[in-house]
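Please find the structures below.
You will see two complexes here that share subunit A, one where it goes with subunit B and one where it goes with subunit C.
Showing the complex of A and B:
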């Protein structure tokens, strides 16, 4: 765990120092301790630090949400982006902008929660219908269908009303630069609540992993545990989407990395996910700043491009290990 | 503050610069040099590799984009305008008396061009486009397709793609000088049956620019960043291979983003800090009711951004609004040079 935190610290330092103009450690520290109004200080204080914090917070939230969903649905392919939660949150924010004229983070976040909650519930109900109740495959299929439909609706709205959505289009790819320090301050309490809920549901998730019958016989309240975990997912994924847009692959892949490191116990799985996911997201963001200079690639593009092959490798290796 | 600020063309016009990433500054200094062929000699003008006949002037014109619409008016063919799509700013006052969208004179489409069918319903015999994209399969149809159904076409040459309008990939090679604008207006004047009017217009424009250049002799050239910030999100700059750079240079400035090609290319805030522009110019866009004042919210946000506080343009309060229409190749370019020169070098005027 210490090692993971150390890597995260390195990634965060890299995110503050590396960019368009590489800033030395001493210069960055110096301006931090003695604000002098120089360009370096302004870049660090108003651009790099908020961006790094957004990456840490959104990454941790997505990683934990992914770990929770995988436990909740007993589905290795679950993640906020797979089960339609991110897509629902994004559509909800778009509707908020288009229909209600919501234009601040404080407003977006509630729409984001509502969208995440409604979609998550709908997908879960859809995936539980029919004979045999919930199954991982049914859930994943329902999530895929929901993601396709909601994504289509989002695209339709943004294309029909180009007027409103210039800002949205940027955000919709997933970027860490849209959040400033005020937005981050607003997001913090929500993320704290999400983290507490996630921690509270860890034991119940461990019990689910044994199967419903066994869990019940061990005396775990299935409904309460599930509800707590689901609420945590809604708060975490909703906040992450409002902060940085629907970033893909982080919530899906990072819990697998965590599982490979510490095994299936949720207490540790979630804690590691919270540390590893920001490393991935910050790494993607740093890469996006370097590869296309003087332009920048949004972090969401980089995670999508780099995340897919990484995920395939991960899945293949796991299969080999299981064999 | 509404998210609106700047609308669609910034997004889809930005598709063009994306294809301009390859830097190839070959067109500089290659100016067309046959302004006056003997009368009656030429029966067509060559436009992006397409021969456009000049014998019979069109009677029903559809014009796409602000500069296309104003060119038709400036060349005295406003009474033949049956359809117009997309104004970036209010029309110049001298044309407003002829513009009656409420009576379908012309039929006006404020958001991009209408569908192909909608245009054909207007039964035009000629289409003028001031920007890329109109003459594609997804737009109004390629120029070859239009020609088959008896519709002529003209495209401003700074947006010449391949000859039939299919590809949009080689814009970086196009001539973005004012000479290419003059050549366009001259050629379009011939096509619309108004060669004298076109020549007079070009002469006036050249005079305006010459007057400005005369006043700017030996001036110290400030670094100018021309940019917008749609929805106060990302910064998008008007870079090289674009008439914007031509206007900046003619007005006595230097392009602060001289290695960033294309129109409305996305850059990060840090890049703007690094370039240290002396002056920032924000072209207001887009809509028939969007004047320069509409750039104010963008300007206010730039001024209020603590990260930008050391940028000379912000420190010295030199952030100015202009119109998007004037930095798009067309009849406004000479006025744009004069306008920007006054902002950059007030002491000379």
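Showing the complex of A and C:
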């Protein structure tokens, strides 16, 4: 755990220093200790630090949400993005821009949050109807179908409205650059609530892993535990989408890394996910800055391109549904 | 094969004939309506090979409106047939070419060509075709592991789609807003301004591949029973499945190349056809006919609903298809057939 935190610190430092304007450690520390109003200070203070914070917070939220969701559904392929929350948030943001004329990121956050929450809940309900509750395929298909449907509606709206389209396409790639410090401050309380809920449901999730019957006989309230975990997922995933736009595959893949490191007990699994996911997201962000210089590849694009092969490998493994 | 289908399944024949009638009616209406309205008698006489009242009306009918109206029918039939095959091969009522990822490859290549090379419609169509075929091959190979199971195909398709659509989103971001919007119209699917050269490949593909699909479909009845039982009955599952998937992919790819990835037709047409035919079989021909009727009606509405402004037909199919999809998800999961 200490090692993971150390790596995260290195990644965060890298995220502050590396970029189009590479900044030396000494220069960065210097402006921090003695603010001098120079360009370097402004870059660090207004661009790099918020971006890094957004990456850490959104990453941690996605990682924990993914871990919770996989435990909740006993489904290796569950992740916030598979539930269609990204598409739901996107449609909601587009509606916010087009219908209500919301033009600031501070306004979008609420729409994205609401959209993610509603879609996540709906897909989860749809995917768990019927005998046997959720299955990987049911959930993934329900999510894919919702994504196709909401994505179509989003395109339809943006086609009719050029201004909305222009604002939307920047949001849609999943960039860490859109959050400023005010947005980050807004997001913090939500993340805190989400973290508390997640911690509270860890024990119940461990019990679910044994199966419904055994969990019940061990005296765990199934409904209450599930509801807590589901609420945590919605809060965390919604906030992450609001902070960083639609970022794919972080919430899906990181819990698997964490599981490989610390095994299936949720308390540790979630804690590791919360540390590993920001490393992955910041790493993707830094990589995107390096490979496409002087432009950048947004973090969401890097994670999708790197994460999809991981998803496919998971699918190809035999024991798919068994966690 | 075909004679047995007509004799043995009268309902299927009735549904097919009705759907074809609806499609024809939509075609005639679509040809006659427009900013330059033409009387029905004129339309019918020109379509029947006559002269038409003026040379201008013959030109408008044969060169401008007919290709588009026929294009809607052909594209709809191709999507309907393709969807019917995919749903049966994968044995999942929610799978369709647009959901399992075949379209994503077409979309990425098309947007790349539009944004980076400012390519014209022909080049975009050719690129989309190539993109769809390569993606389909990739999805198939990636899901192979001692044979291909339906669910693995679906899930790999979802993963590949996620990757490709993020590339598409990035490309849209690098362009100026007008180019990006043009690409976005392609992404929605539209039949506006299609000429004979755009439409002919789809007509040929449907005419050529429908008999192929019917021929290959005989083993599908055994597939219905599940891979193991089908194998026990002596059906060679893998070649039949591969051949049908290739047919379905070719149909979807050609249709997408001509009109863009029009959503939900491939999903909805087979469902509607099967419900009308009231049998759990394949209903390939009825699916194609229903697809043709659906898209012919949708394109007519897209052209004229907000006239003189035209909507891309994909907007309409999405708005109409979305509630249907929700309903399908709910029922399919409740009766436990979705996975």
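As a working rule, the second predicted complex is superposed on the first by the 301 of 323 C-alpha atoms of A that agree within 3 Å, B and C clash if a C-alpha of one lies under 4 Å from a C-alpha of the other, contacts with A are read in each partner's own complex, and residues count from 1 in each chain.
Just so it is clear, a contact is a pair of C-beta atoms (placed from the backbone, for glycine too) under 8 Å apart; a residue touches a chain by one contact, two chains touch by 3 or more.
These numbers were taken from a predicted model, which means no experiment stands behind them.
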| item | value |
| --- | --- |
| Contacts of A:177 with subunit B and subunit C, given as first, second, both or neither | first |
| Greater residue coverage of subunit A in the superposed arrangement, subunit B or subunit C | C |
| Which of subunit B and subunit C A:142 touches, first, second, both or neither | second |
| Residues of subunit A that lie at the interface with subunit B and also at the interface with subunit C | 162, 165-166, 169-170, 295 |
| In the complex, subunit A residues that touch subunit C | 77, 81-82, 126-132, 135-138, 140-142, 144-145, 148-149, 151-153, 155-156, 158-159, 162, 165-166, 169-170, 172-174, 248-249, 295, 297-298, 300-301, 304-305, 307-309, 311-312, 315-316 |
| Of all residues in subunit B, those that touch subunit A in their complex | 1-8, 10-12, 111, 230-234, 257, 259-260, 265-271, 273-274, 305-310 |
| In the complex with subunit B, residue positions of subunit A that touch it | 19-21, 37-39, 42-43, 45-47, 97, 101, 103, 162-171, 177-178, 289, 294-296 |
| Residue ranges of subunit C touching subunit A (in the complex, touch as defined) | 92, 94-95, 98-100, 142-143, 145, 151-152, 154-156, 158-163, 165-167, 169-170, 172-174, 177, 180-181, 184-185, 187-188, 263-264, 312, 314-315, 318-319, 321-322, 325-326, 329-330, 333-336, 338-339 |
